[in-house]
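A, B, C, D, E and F label the chains in the order they appear, each numbered from 1.
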């Protein structure tokens, strides 16, 4: 399949004009490789491991959620040189879909909402809001941990009843907080919980899962959807975060 | 003691001109209460609990690391109204020392460095760098967890040898990362570890403790130092962050 | 009456989207007090006298034209602390309508135009323009002085014939001057006449009344209109400006 | 005398590097006429009347406090065309000294301070501060009116004792207010008193004289000083501001 | 004819709202002279020679493509004083049409396109694109040189076939380059060819003629069109650029 | 020789802190290749031809005046991909010295001044000024053409006597013009002469040589100087600009 046709399909899935303004230059075709695509790989980040695996898989295009170069550069540092050597050497294209895929119907936030089991889902401050069966905060956090397959942190009152949930895949607590406060949201689910958000949460409870686990599922779903037009494979590469607690007893 | 004399003492401990430029308007006397100080309270944040306790303790001044109003306001929302009602009603002054106390000799970063046992400490990109006895990354993370009294996350290779440490109290990974990479730092200790920092860490390992536990010790030390001039008490109010892990077996 | 219903009524009178862009954050509910309103007070400025009188009158809401905090603040100076102590202590809401009420139909400029007796009134550079019965400049200035109940300054040629008038409540000479020059306006009526406006007036005459007297009438009218939904009182608090002229003989 | 030598003398009197930054482009030689100067004229503003009189006086240079073009222009409107036709036709130079003359020793503020009889004069927020013999506010305002030869407005408590005075020639209330509040100034003397300054004055009293009368004396003094090097004449052209008060009885 | 009616006609030819945003203040009536127009002159620049000739021709208005004052001024330097003395002394108006005439139908770019013989002309990145009879690059450059009456520089491969041409009157290579690359343009014709454009041209050839010769034809055409309403004359004043080449042999 | 030692030598020749502020990120090591340098190449631009030749020459580092990436990028277009493939594939470093080398003693401007034969050379608005033996403008332009080995354009009066010359390597007419006018410079030598500079030149004559020929000599000299520490070669790659003049007869 021609790269142009494939890009048309990718733009249907994640229309570029859905991207936030700050994503100018950060979405679309970032590096252009061979013109004919017989296999495609998807992943959250273009890490050297991911690029290497994509080439081993025989892919001519890698689609990631996070782009190769966040802040625009005038020079090529060693990490970037390493990634470019792999990409240019392997003649593999890199295509990035970020906030356009976050916001798209069936995109990153919708995949997360489906995993969590949100009902009556609607758009909400860069993410989604909806309802879950009534539960305690502990139970809801345990449910999140289970369906995402990772540990989860949570903050909130002991008597919190969770019913109305807002979620933002990636780092979105601050984005959703003010809206959550005025819309009687019980809990926000997002990543990278910061101290000032905890202090400013008011009556809103917070559940935080690692950034990777809130977004990677949507890249896996993307590979499944692309299989309709070209063989596609999802490459999993979660960061290895370990935890130690010297003060906790079993 | 007159409030003016006390402020002179506070400015010796945390000289205002050490503050970062973005802290303009965020340090110094934020709310002015009674002119005569017989007791002082210190804390990390001016939460309603902290203000209430300070008044119960009979303090006429509360010194916090984080200020009352981060983004300047034209109006008074409900949380701020609640805090102001307590402060103005109790005629208690609020004084804030932020990056000036971070940067000061004997300030927030130095207190953290002392707790960790850093040797040959020097200033380093908004924090401190120094050496610790050679250890594995696991052992170093466990040590951090123990001396700070909290859980710690860490990311790094299995064969990492920790010797040269950079630390930044509060949220400072991004601040220190580039410097750490070019200065052969083995590990950065800070708070609020984000996905993009993990992806861009290169060979630098990362240990993350909750924001509160990296900074609150310095407010406790401040109370001890102020006791020389006026009775002082530290008020502890850590955020209650809980954790659940559905996929881990004992 | 619920505060929410009252605010809906206030937004009908002075729709927020009529406000100039620089008024962002300076209009609407500035401080929130008790939820149930049985009496309302209006005034030009939230001076301590005005707030005190509003509380004495038993009002739960004070509506002013000028807001409490013009430039956003990070700290609470003594004057503001005094005002907030009164407002928060009295549990009285403060609501501000500024350029939205200036621009609204029946708002500040329209009330002034009606007082002056403008006919064929239309919108004009932040104010209103229209016609008055033909008169000399002296006679028109005397008329202004009489209907507003204050002294008036004026600048213009001896043979000026006043017929077409532009007016801007508050400080608006500079705003209206260029438009007045190209639209054959005979005289501008506004406040706070500055030297550079006098020098740049070309053939346009100028009549200046104190800021307070051009805007306060509209706050009085507001109280009258609000009486339809809840008892309302206007609190008058003009600044005491005195005048001395050592060189003028009676 | 060569124009170059005269400019050197003018720059001694009002050194260009004393000008505020916003005066970039607004001071110095604005229009260049004949190279030989046998007579000079000074005035506050380059009005057509002033330019015409200067030419009649046989001057080759006109020195004004306010410049010809405040906001930079791309085109020449009718008023400016009229002034330029006079200047270019008369081959008369225009030289402007603004904030550099305000700030200079013996400049605009110092001339005003001497007229008022300030003692122990020192620089103060764009103007001067000093002491006057103790008096009531009414008496001080009458004194200002008499020595400047114009009406004066004033605002302040009935029991104000005037001793410490701050003055700013031209429009300077806002500039001096905060400093006056923290330095226990009794009264500020300046021009163009605005409503928000009155509301924010705290305990500071305010005396306001028309802009022209606070600055023109310094242009008269300038003519006297220049006579030492070349014949010089001051051209007086005060704006004609009249006053009417329908509510006051004799 | 009244100046107002003439300006209406000029605004039909070059509608002001077609101007680029950076032309704010640089188009329209720049200096206003006599109100009655019996003759008009057009030229590319308001040089002293051009203004002098326009007055000799008895014109009351001069229309130029480049305005009198590019960067807004606070003062009148000697060159500008010279031009203004001529304009104000001759009571001749100056009217400027710049990017509005560039972009207008039948305007600067269209006149150039017609001269070059472009077919199927359409708007293209601040200029026009279209087709010419297939030729070599050398032949196309010679054609440009001949029809414009000036030397031309060109850069491109020896085997370039010219068919699709983009042109921008004045200095427009950078403006058109990116668009030309993605739209398979064979050659860009414009002025003031810079080194970085040559280096970044990819496969696009470049032909450069002096700025004057790409734009002056449109001012000549303007004079012809205006003759329908008032006698009009074009004044030609090309810059005298000479060339020397020590290394070339005949 | 280690790359670090070589860079130290390059920084002696062109100290980074001499660079203009806009060159942030555009000078120094742009792409890092092999750590050991046995041969170095210099050139004006990193064109594919230049990179290819440098690799053929066995160089591990290429030093250019113009950098690889002018505006910072988030993605890699085809031209850049081509250059990076060559650089990364050849493991050759790219080092850029731009305005720091322009301004350095013995740098780009000094090399040009020496070629022209300037005497009493001093720094002058981004370039150099000095004297040449008195000549006509024609003769001076012919001299420039001869010593630089390229055609030259010139603009100026027939009776111009050239004695005081200002020169700016690269594109510097606008930079030097105002200074040249007030310092009685007879002629400016630079590149990329634009129409507005010709119109605003006053009495200053202008000689323009192609950008490449004013700067490339300094890169040749650089190769000669570097030979002292490591074998070095200059790679010449002038743009092929051709000229046609249909209206000139032999």
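Everything below uses one rule, namely that a residue touches a chain if its C-beta (ideal position, glycine included) is under 8 Å from a C-beta of that chain, and two chains touch if they have at least 3 such contacts.
Every value quoted in this text rests on a predicted model; they were computed, and no experiment measured them.
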{"item": "Contact-graph separation of chain B and chain C, given in steps at minimum", "value": "1"}
{"item": "Intersection of contact partners for chain C and chain E", "value": "D"}
{"item": "Cα-centroid distance, chain D relative to chain F, in whole angstrom", "value": "52"}
{"item": "Length of the line joining the C-alpha centres of chain C and chain D, rounded to whole Å", "value": "31"}
{"item": "Inter-chain centre distance, chain A versus chain D - centres from mean C-alpha coordinates, in Å", "value": "64"}
{"item": "Residues of chain F whose C-beta touches two or more other chains", "value": "70"}
{"item": "Chain contact topology (line, ring, star, complete or other)", "value": "ring"}
{"item": "Chain C-facing residues of chain D, complex", "value": "45, 47, 66, 70, 79, 138, 141-142, 145-146, 149-155, 170-171, 191-196, 198-200, 202, 210-212, 239-248, 250"}
{"item": "Residues of chain C that touch chain B when the two form their complex", "value": "25-26, 28-32, 67-78, 81, 84-85, 88-89"}
